[in-house]
C-alpha cells in the first residue's frame, strides 16, 4: 500500500462518556475511513438480518418483579473455570486495525484494564499473538479459528494459539464463504493490512486482499469431525459458532462439543436468516444445560443482555459496540464501553428485581405482539 | 443556584381550550426549559416502553353497543370510601415545579377546583405538605412514598403524610434506582429546587442533585415486608405501585396489600418492559376483585380510560397530560385537562353504549391484529 | 351568514376521468373550503379507526380462481325487491352542500343518471325532499333518520319520508352524540346552511350550528323499541345502522329489524373501534342470511367491494368517494365515480374468476399475516 | 408512430457489474422512457401485491445448517427432460422492446450465452419467433400463450410455437383482462410497436394499442378444457400459470395438467391478492410432487430462490430483474444478471449448508413473526 492511499485509522486514546451504545456507530462513522466503517457496520444482502438482530429483542418484554429485595446486583458468573465479573465477553472480530491504529492490542488492553472478562482473538486478526499479549497482559482469551484447507497448517495455528494461552477454541462454521456484502462490493473494499495468523495459508499476507478472496482460501468443507479434530489435537474446549438450529446444537453435542455459540455472525453472512435472538430459546431448550451457550449478534443495551440470559444464554459476546468504542477512544474507549454495559446491566437487574445472574436466567419474559 | 442559570418555569395561569391531550406535549415543549421538559416527557433507554404505553391501546378495539338506551352517562365511582365524580385521579409525579412556578400547589388547586377526584402527592414533591394544602384545600389525597434506608425517617415521613390527611399510601417499588434516561444524562439534568419531604434523608436538599443521586440515596431493598410495615405503622390502606405481573399481584395480596397499582412508571424506569396496558388484563384476572386496581402509563384519550377500565382497572391515574397542562395554564390548566378528560370519557361512554362505570367495566373489547 | 364569510362551494359540473378513488380526496382538498373539506374527510380522535377502515382490507387476500370460465361478469343483485345493477349504493351522508352547490340534488341526479342503485337520504340533508327529487327523478331511495327527542316530530318526519317515496328507513344508532372530531373543533366548524328536514326540532335551521349542537338536540336514548316504533309507524323495512357486534345484530333481529347495517360511521364517531371490515365476518356468521347486511366504511377499490361481499355483506354503501366526486364534477362527477366502481368491480370479478355476485359471496379469502 | 414521438429504447450492450438486483430498477428508470418504465415496473391498484411479493419472503427465515460438509454447491436440476445448470429460468414477459431495441432477441441471446436454462417466450412478444431464434440459437424455450377467442387461430399459434421448438406451453390464466394499472392509465400508455405472434387476432398490429385493448381482444372464458385442448393439439406438456390456490392446482391436475405455475403475474393483475410466496407452500402440499411447480413473482435475491425451493417450488422464473438488465446492457446485461443469480444462489447454498438442490428443497424454514 503506497503512502498516498494509506488507510488512516483513528489514533486517539481517551475515556468515553457513553450515553448509549447505539449512537457509538454514528460517532465512529465520522472518524473511521469510509471503506473500513462500512466493513465494520455493514451486513449482508438487504441487511434484514442485521437490523432484525437488534429489533427482535422487542419481541419479548422483561417483566420486572416488584418488592424483590434486591440491592447491589451481582453480575458475576463462571464459564469453563473462568470467574467473570460480568456475563459478557469480547466477541471474535477480524481486523480491529480498521477501527484504531492500536489494532487488537488496543482492544486487549481495554479488556485487561476492565478485567474479569474474556478476549476472543480472531484468526483474522491484524495483530500477532505477541502484539495482542502486550495489551492483554495475561488475561483470559479464547481463540477463534478460521480453518485452512491444510490440516497441518491448522495444527500449526492451534499450536500457536495454545502457546499463547487460549483456554478455548471457537470454530467458526457460519463463514465458509463471505456473505453478500453489498457495501464492501460497492466500495471494492480490501484489507489495508495483513493478517499474521492466517497468512500462512493465504497467497499473500491478507493486505490488499478482499474478504471474498480470504474466505475463499480458507476451508469450506467444515463438518462435525472438525470439532473432534480440534478438540483432540488442542486438548481445549471447543465451541461451535454460528449455531441457529436445535438440530445443529444436538448434533454438535453428540460429537462432544464443549459449548454452543448461537450467532448469525452479526447479520454479516446469510441474510434472510432469523435474528439470533429469535432462535436462542428453542436451542437452549434442547441443549438443556449440558454445555454452556454463548450468544452474540445484536447486543446494544443492558436490557438485551438480560433478555438473552433469560432466554437461555450463559454469557453474551459483544462486537460492534466495542469496535466502535475502540475507534473513538482506543483502549480507554474499550474499557469505557465494558463499564457502560456493566452499569447498564446492573441497573436493569435492580429494576427487574434480580439479584444474581441465576435470577436473571430464571426470569420470565413476555411474548409481545 | 445562581441568578444567571435560574430555572425559569412557566408562570401563566389561564383556562386551556384543549382539543386533544397529545398535542399538549408539543405546546409545553415551547415554554418549558429544555432540561425540565426532557425530564418530564422522556423515558428510559430506547423509549420503546414509553411509546408502547400509548400505542398498545390500539391492540384492543372498543365494540360500541347500539340502541343501548344511554343518555347522560354517569362517570361516578368509589374507591376506599371516596366518592369520585370521575374514574380518574392525579398520578404521583415528582417535581411539578419543573412545569410551573406554582409547583404541586398549582396542580392541587386545579384538582380541588375540579373536585371529586384525588391528588397523589409524591415524596419527591418540590412543594411542602403545607404549600400543597393551600391548593388542595381539604380535598382527598394519597401519599406516594419513596422510602429512606432509615426506617425512623420513614416513620417520620409517614407521620407527616398522615397528619396532612393522606387516606392511602402508595409504595413505589419500580424505582429503586433511576431508569436509564438518555435525555437527562445528555442534558446533565439536575433538579433546580429542593424536595422538602425527602430532604431529611438526602445529603442536600435535592437542589442541584441528579435523579440518579436522589434515587441512590433512597431505599433499594424494598420487599413485601415494607407493605406490612407501612400498613401497620400508618394504619392506612397501602398500594403496591409498579406491578406488572400476576405473580407480584398475588404475592402482595398474600401479605395484605390494599390495592394493586399497575404501572411501568410511564416508561421511565425499565425500558424493554411491556406496555402497562399489555399486562393489565392478566393481572386483573388473578386479582379477581379482591382489592382495587389503579392503572397508569399512557392515558391520553377518553378511549384509553375506557379500555383500561374494560380490561380490569377500577380507576386510572393520569400523569404527563396534567403536568403539561400545569405548564400551559397553571391551576386553571389542570382544571381544564380534568374537564377535558371528563367530557371525553362521557362522549366515549355514550357512543359505546355504556351508561355507568359498571357498564364500562363489563364491556367486551376486541383483540386487534 | 354574511356575504363576506359565505361558504364558496364548488360549482363545476363535468365528467371525471377517475384513475383511482383514493386520490379524489387530494383533488377535492384543493377546491373545497378548508372547514368543509376537513368535516368531510376527517374522523374522530386519533383517526385510528378512520385509517384502519381502509387498511384493514389488507388483512385478507383475494384468492383468484384460474380457468373459471368467466366472461362479462354480472354485477346485478337484489335487495328488498329492488333490482340493482351493482351491489353498491350511496351511503347516507349529511350536508352534501359542503362539497357542491347543487347539494344532495346533485348527488341524486348523478345516481339517477347512473341508474340501478339506491340513494340514501340523510335527515341532515341540506336540501329538502323536493329539491332532491329534482335530481333523483323517481329512482329508489332510503331515508336515514336522526331521531328527535319528540316522537310526534319523528312521526312527522317519517310521514314526509314515506310521502317522498322512501322504501326503507335507516335508523342511525352510532351517532347519538358527535364523535370527538379534532379537526372540526380546531376549525370551529359550523354548517354554512340549514337542514330543512330536521330543522323542526332544532333551535335554529342548522345554519351556523356546530355538529355537537345539532347532535345534542337530536335523540340520545335510542333503544331497540325505536326499531319497532319506526317499523310499525312507517310500515317500511328498517335497518339498524352502526352495528359492530354479533350481540347487537342478534338483538336487533330478535325485535324484528329488517336489515343490519355494519358501519362505524366512516371512523367519524368512536375512535379506537375496530375497522368496520374487521367485524363484518363474525356478524355475518350470526345473521346467517336471515336479513340482508349492508356494509360501509372504507370502500375505495373494487377489491374492497369484493372482500366485503365475500365476508358476508349483501351490498355495500360508498360515502366519501362520492362526495369528493360531487365536489369535483357535480352530478356528472357522481355518475363518473359510480361508473368507475362498476368497471373496477367487474374487472376484479373477472380476474378473481367469479361470474356473479353469488360467486363473489362464496369466494374464499385468505387471512394475511 | 411518427418520428417525433418515437419510443427511444436503450441500445447499449455491455456487461453489468451487478451489486444487487434491486437497484437495477433505479438504474433502468434513468434510461428507459417513462411510459415504458412504468409499464415494466408497475403493478395494479395500490401495488399492495406488487410490494408484498418481495416483502413476504421475510415471513420465513432460512435456518443455516452448520458443519454440513458443503463445498462448491451444485445448482443443477432437471425439468421435463431439460438439464438445467441453475434452478431458475426466464419468466414470460411481454414487449421486451420497451427495455431495449434488441427486443426479445436480446434477452434470448443473453440466455443462450449463459446456457443451461430456459427462455419463456410470451405470445405478446414484440419480436417474431424468427427474430428470437437469432438470439436463442437452439436453446430450450417454452411458449406462453394468450389465447384468441378463435380456436383456429389458437391452433395456428400453437403450430408455429411447436415449429419454433417450444418444449412446453404455458397457459396464462390470470390475465383474461388487464389489471387495474393506475400508472399506465395515467400515462395513457400504448405499445410503441406491434406484436407479431398475436396480431392475427387483433384489430391492428398491437402498435399504439393499450394493454386493455389487447387483453380485451384475447380470450376471457378460459377454463380447464383449454388445458386439455392445448395438450391434445400440441402434444406438449402444459403449465397452468397463475395458480394461487390448492383448489385450482388439484383441479388442473385432475384434467391432466403437466405443471403448476404459481404466480400472481408479478402483482400486475389482481391487487389485494396474497404474495405469490404466501400461497406457495399450501399449493405444494396438495401437489405433492405429482407435477413440477414453477414459481414466480418477487424473486430479487439468491435467498428468495432458496426460500421458494424450500417451500415447494421446483424451479423459479425471474422477470423484472432480467428486463431491467436487458435495458442496462442488452444481451450482455441479461447474461450478467443470470450469472449474478447463479453466484448469489451458490453463496446462499454454501452458507445454508446445502450441497444440492435436493438439499435446498428439504431445508426447513422458520416462520417469523
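Quick notes on this one:
Letters A, B, C and D mark the chains as written, and numbering starts fresh at 1 in each.
The definition used in the following text is that a residue touches a chain if its C-beta (ideal position, glycine included) is under 8 Å from a C-beta of that chain, and two chains touch if they have at least 3 such contacts.
Chain identities (UniProt): A, B, C, D = L-lactate oxidase.
Since the structure is predicted, the reported quantities are computational estimates derived from the model, not experimental observations.
For the pair subunit C (L-lactate oxidase) and subunit D (L-lactate oxidase), there is no chain touching both partners. As for how the two copies subunit A (L-lactate oxidase) and subunit D (L-lactate oxidase) face one another, under half of their interface residue numbers coincide.
Remark: rotation between subunit A (L-lactate oxidase) and subunit C (L-lactate oxidase) after Cα superposition is 180° (nearest 5).
Distance between chain centres (mean CA atoms), subunit B (L-lactate oxidase) to subunit D (L-lactate oxidase): 60 Å.
Centres computed as Cα averages put subunit B (L-lactate oxidase) at a distance of 42 Å from subunit C (L-lactate oxidase).
Multi-chain contact residues of subunit A (L-lactate oxidase), defined as those touching 2 or more other chains: none present.
Contact between chains, using the touch rule, shows up for A-B, A-D, B-C, C-D. Residues 45-46, 48, 59, 171, 173-174, 176-180, 182, 185-186, 220-224, 226-227, 240, 242-245, 247-248, 251-252, 264, 269-274, 278-279 of subunit B (L-lactate oxidase) are the ones touching subunit A (L-lactate oxidase) in the complex. Those residues of subunit D (L-lactate oxidase) that touch subunit A (L-lactate oxidase) in the shared complex are 19-20, 22, 57-58, 61-72, 301-304, 306-307, 344, 347-348, 350-352, 364, 366, 368-369.
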